[in-house]
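Following this line, the structures themselves.
Consider the two complexes below, in which chain A is the common component and chain B and chain C are the respective partners.
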Partner chain A sequence: MRRYLLYLAAGILLALCLAALVTPFLAPYSPKQQFREFSHSPPTRVHFLDPESGLPPRPFVYTNPEVSDSKGSTSSESTGDRVTVRFFVKGVPFRILGVNSGTHLFGLEDPDQPVFLLGSDSLGRDLFSRILYGLRFSLVVGLLSIAVTVLIGTFSGTLAGWRGGWADRVIMRICDLFLSLPGLFLILGIRAVFPLRMSASNTLWMMVFIFALFGWGVVTRVVRGQVLSLKQRDYVLAARTMGASDWYIVIRHILPFTSNYLRVQCTLFVPLFILGEITMSFLGVGVQEPDVSLGNLLIAARSISAMTQHPWEMVPALLVFVLVFCFNFVGDELKAPGRVRPQWW
Partner chain B sequence: MAKPVTPSLAGVYSVNRDICLEVNNLTVRFQSATAEEIRAVDGVSFTVKSGEVFGLVGESGCGKTTLAHCIARLLRADSGSIRFQGLDWSALKGKELRRQRRRIQMIFQDPATSLNPRMTVGQLVAEPLWIHRLGNKAERSWKAVELLETVGLQANDAIRKPDEFSGGQRQRIAIARALALEPELLIADEPVSSLDRTAQGEILELLDRMQSKFQLTTLFITHNLKLVREFCQRVAVMFHGRLVEIAETETLFEEAAHPYTRVLLGTIGPDVTVGSEGDRGTKSLREVSEGHWVAM
Partner chain C sequence: MIRFAWRRALESIPVLIVLSFIVFGLFKLVPGDYLSEMELNPTISSETVEKLRHDYGLDRSLPVQYWLWLKQIVKGDFGYSFAQRRPASDLVMERVGGTLVLTASAFALALFLALILGLISALNVGRWPDGLSLWLSLTGLSLPTVLASIGCLYFAYWTGWLPVGGADTWRHLILPSITLAIPSAAFLARTLRLELIDTLGQPYVRAAVAKGLPEWRVVWHALRNAANPVISLAGVTLGGLLSGAVVVEKVFGWPGLGSLIVDSLLMRDLYVALNCVLLASFFVIVANLFADLLLALNDPRVRGR
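Then we have the complex of A and B:
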């Protein structure tokens, strides 16, 4: 049973990563595109059955679907013309992995007529597209940060453990310094060094820098401990007597044995970094409008009126929950001894 | 005209082909956290002749393995020197040391830990060749298979991992790996003490066969005097980091002079005082008869 839950969680993560990879194709609109007349419009209902014949035609929407009245309740009457939802429609051009394209998975034939799968925000921007782009940013921050963290942590940890002596003392004292500072203050403190307004890509690199600074100490410390014990193994001594160089021994006989720990640490750090990004953006010191991340999408959802009047703005919170839950679940499963560990991991 | 050489220097600079290894006054100290420093190896001197099997016996904790690690250059001695085939072995360093290391290879006590569990047997045996960039990939593979067959394994074992083998078979793999570089001196550190009886016999028989096939000199470290009698030509007995007796095997078993040796041999009871920490520094080796040295 647990095995299938693990597969499910890993599958969800994989699907989300894939979605992040091909976001511009999946999202019908650009995250910045505004439909001013459609402010706070609820999720568009896509009809799969023809109301007159009862037969399934191609899916369609009504141009003037559901009208909100002043009290915030919606009538279920749909009026207006039918517009067919088309697949693989031409839309805003984009570029994925070096391939230029303008084809989107779905969209409407009429470019002035939007389809909002998850409703729209106050400026009439498609929430579905924005969530996809936000997810993309948050995942990229999380994964890039973990890559840099593991790289730095493994390097310094191996150096400290293998060389010992003054290198060990210097590295470990710096490490202790970073580990002794409270996380949020460290993050906000380093954030204060950078200018307040930054472009999306600069924000990305700034966050990677901050999170790597935040996380490298943990990795360094554990890797150092492992190297200290691994370097006493007989096969390391044997390699020495054979005349192997330090580099060879570290790469061949030491680092492969730290990978189990590193994998677990990665799956536990990624959600932490994603939550860090969300916290920073939510506090307004991370990604800023009109750029989008899961964190600043939640800014719109923080008021009570948002919850009652346009609850679809809570969807990003749900996604964050699923994302972090899946990462933590996979990480915990891998961490616990004696648990099922699939071959591929 | 040959220069006259002062007698004291003659022994140092001439290369004696008969002597493979010469350990001189070697001392290794460990600083323990609680007590004062411990001398794991304390002023040890002995020579190993080319082509012989030299036994080193002593109970566990007496410093045998520390001594072996010094000779294999896994550990730095605090004082004393090691000469190997006329080379100042203990002074080698860096690239030169790495290049020369192939001449002394080591077999470890427990093959379960001396073989990297993530590598295949073929990779393990070919590893020393790869480290020294000997031959190309195909040649190394052939050589590995050849070595595996020499030690009594099969060619198709090369693609398996060490944990698929029994203890005895793993020790065979370790021996094949140690022999890959055709060393001049083989240090066997308790090579059979982690094995069961049958495997012990097989491995000793294999080592004996390899001894003549590769014209090895072997430093055979063990706590088991029975193995010494079967296998070694000369023996040194180690006690608390010092050598207390060096003799030909036959001499040792018949005319053991030091009380500790006799305790090991069981000819006197273990309750006899065999010297304590206090008098370690006072006793030095004296030759009581031809090739028979005793601490007194």
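Then we have the complex of A and C:
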């Protein structure tokens, strides 16, 4: 049972990562495209059955999506022309993995007509597209940060452990220092140095820089410990007597053994970094409008009017929960497989 | 014990010094200086600014500037907030209490919840209460402060039982503290559970059970031993609570240091923001010190080292 849940969680994570990879293809619109006349419009109902014949035609929507009244409830009857939802339609051009394309998974024939799978926000932007792009940004922040963190941490940890002596002392002192500094407040302090409004890519690199600055110490410390014990193994001595160079021994005989720990550390750190991004953007000192990230989207979910009148704006909160939950679950299973209870208790 | 406390307190001094270096470095990295804002003001002549710059020591060498700034901070002078047109010390004094009260109540709540959940879980390993509390704590762990605050806000709005914003009565404190306590409580509960299960498997517990000691006494024995890592981790979460308070204060409109930092950042009142960062970091370091002392108080083995 637990094992299947683990697979489920890992599967969800994988699916979300894939979705982030091909976001421009999955999202029908660009995250900045506004349909001003459709502010706060509820999720568009996609009809799969023809009301007259009762047969399933191609899915369609009505051009005049139900206008939301002040209470947010939608009128049951829609009017207007029927527009078929098409798959693989041409839309806003984009570029993924070096391929230029303009094909989106689905959309309406008329690109000026919106189909809002998850409703729209106050400026009439498609929430479904925005969530996908936001997820993409947040995941990229998390993954890039962990890559940089692990790279720096492994390098300095190996250096400290392998070399020993003054290199070890200096690195570990700096490391201890960083570990004893309060994270979020210094992050906010460092944030003060950068301008308030930055482009999305600059924000991305700033966050990667900040998170790596606070993450490398943990990795360094553990890798150093492992290298210290690994370098006294007999096979290392054997490799050395056979004339292997330092580089060769470290890369072939030492580093592979740290991968187990690194894997666990990644599943613990990635959600932390993603949450860091979310917190910063949520506080308004991270990604700025009109650029989008998960934290940014949560700002709208915070207002009372979102809760009462346009609840679809709460969806990002749900997604963040699922994301963090899955990460925690997988990380937990990797870290400590289920314990058994002592027999005499 | 007192010797240990002294030694531990002395150990945190280098950290504080480095922290002040870092914050001072950030000051210097921020474009412009403390008085650049004034130069833009047409009603203030450039001579006045130069004179002020001299008075503040901004034309002196870096070490002197650092020394002057540090003296100022220690005296409790946090500079002047140009955005709010008030001395920053007033702002800080108004807010510090808020943050400390919020953090303390959340800490107490987190410990209480963790103790209950962890005990229920560990005493029923493998049965449904354990499963339930495991799921609860996993859920709580996946509710970062941002989400928890949105959830609590929704809850308060939906039931109408508790006020959602402001800081007038003790009722205003309930929701923010619950929000802040959730992730820490979950985290501590899980740690306590694992530790308790391990401890209950120890031979001395077996011996105690075999001797026929009443169950609650056995549990008490085990609890004291299992509490060690939990207490040291609780200290770590105390620092985390101070940080988490930033978000909670912002969402619930609770006047505290964290929201002051963020507001100052957003208004580009950077000198106030950085001074507050220093103060808040100081609190975190003190909290860590406090955690270590707690640990030493609970476990004589720590003191000996």
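As a working rule, the second predicted complex is superposed on the first by the 333 of 345 C-alpha atoms of A that agree within 3 Å, B and C clash if a C-alpha of one lies under 4 Å from a C-alpha of the other, contacts with A are read in each partner's own complex, and residues count from 1 in each chain.
Everything that follows uses one rule, which is that a residue touches a chain if its C-beta (ideal position, glycine included) is under 8 Å from a C-beta of that chain, and two chains touch if they have at least 3 such contacts.
In this text, all values refer to a predicted model and were calculated from it rather than measured experimentally.
In the three-chain model built by superposing on chain A, chain B and chain C fit together without any clash. Of the two partner chains placed around the shared chain by superposition, chain B is the only one that A:P256 touches, whereas chain C remains out of contact.
Within the superposed three-chain model, A:D332 lies in touch with chain C and out of touch with chain B [touch as defined at top].
In the superposition on chain A, A:I278 makes contact with chain C only, while chain B stays out of contact range. Contacts of A:L143 after superposition: neither chain B nor chain C is touched.
Contacts of A:L186 after superposition: chain C is touched, whereas chain B is not reached. One of chain B and chain C touches more residues of chain A, and that partner is C.
In the superposition on chain A, contact of A:D234 is made with chain B only, not with chain C. By the touch criterion defined above, A:M242 lies against chain B but remains apart from chain C after alignment on the C-alpha atoms of chain A. Once the two structures are overlaid on chain A, chain A sits at the apex of an angle of 80° toward chain B and chain C, using CA centres and rounding to a multiple of 10. Measuring only between alpha carbons, the smallest separation of chain B from chain C in this overlay is 14 Å. Chain C meets chain A in the complex at residues 12, 15, 18-19, 22-23, 26, 29-30, 125-126, 138-139, 141-147, 149-151, 153-154, 157-158, 164, 194, 197-198, 200-201, 205-206, 209, 239, 242-244, 246-247, 250-251, 261-262, 265-266, 268, 270, 273-274, 277-278, 280-281, 284-285, 288.
Residue ranges on chain A touching chain C, taken from their complex, read 177, 180-186, 188-193, 196, 275, 278-279, 282-285, 295, 298, 301-302, 304, 307-308, 314, 317, 320-321, 324-325, 328-329, 332, 336, 339, 341-342, 344-345. Against chain B, in their complex, chain A makes its touches with residues 233-235, 237-245, 248, 252-253, 256-257. Across the complex, chain B meets chain A through its residues 69, 72-74, 97-102, 104-106, 108-110, 113-116, 118, 127-128, 131-132, 174, 177, 181.
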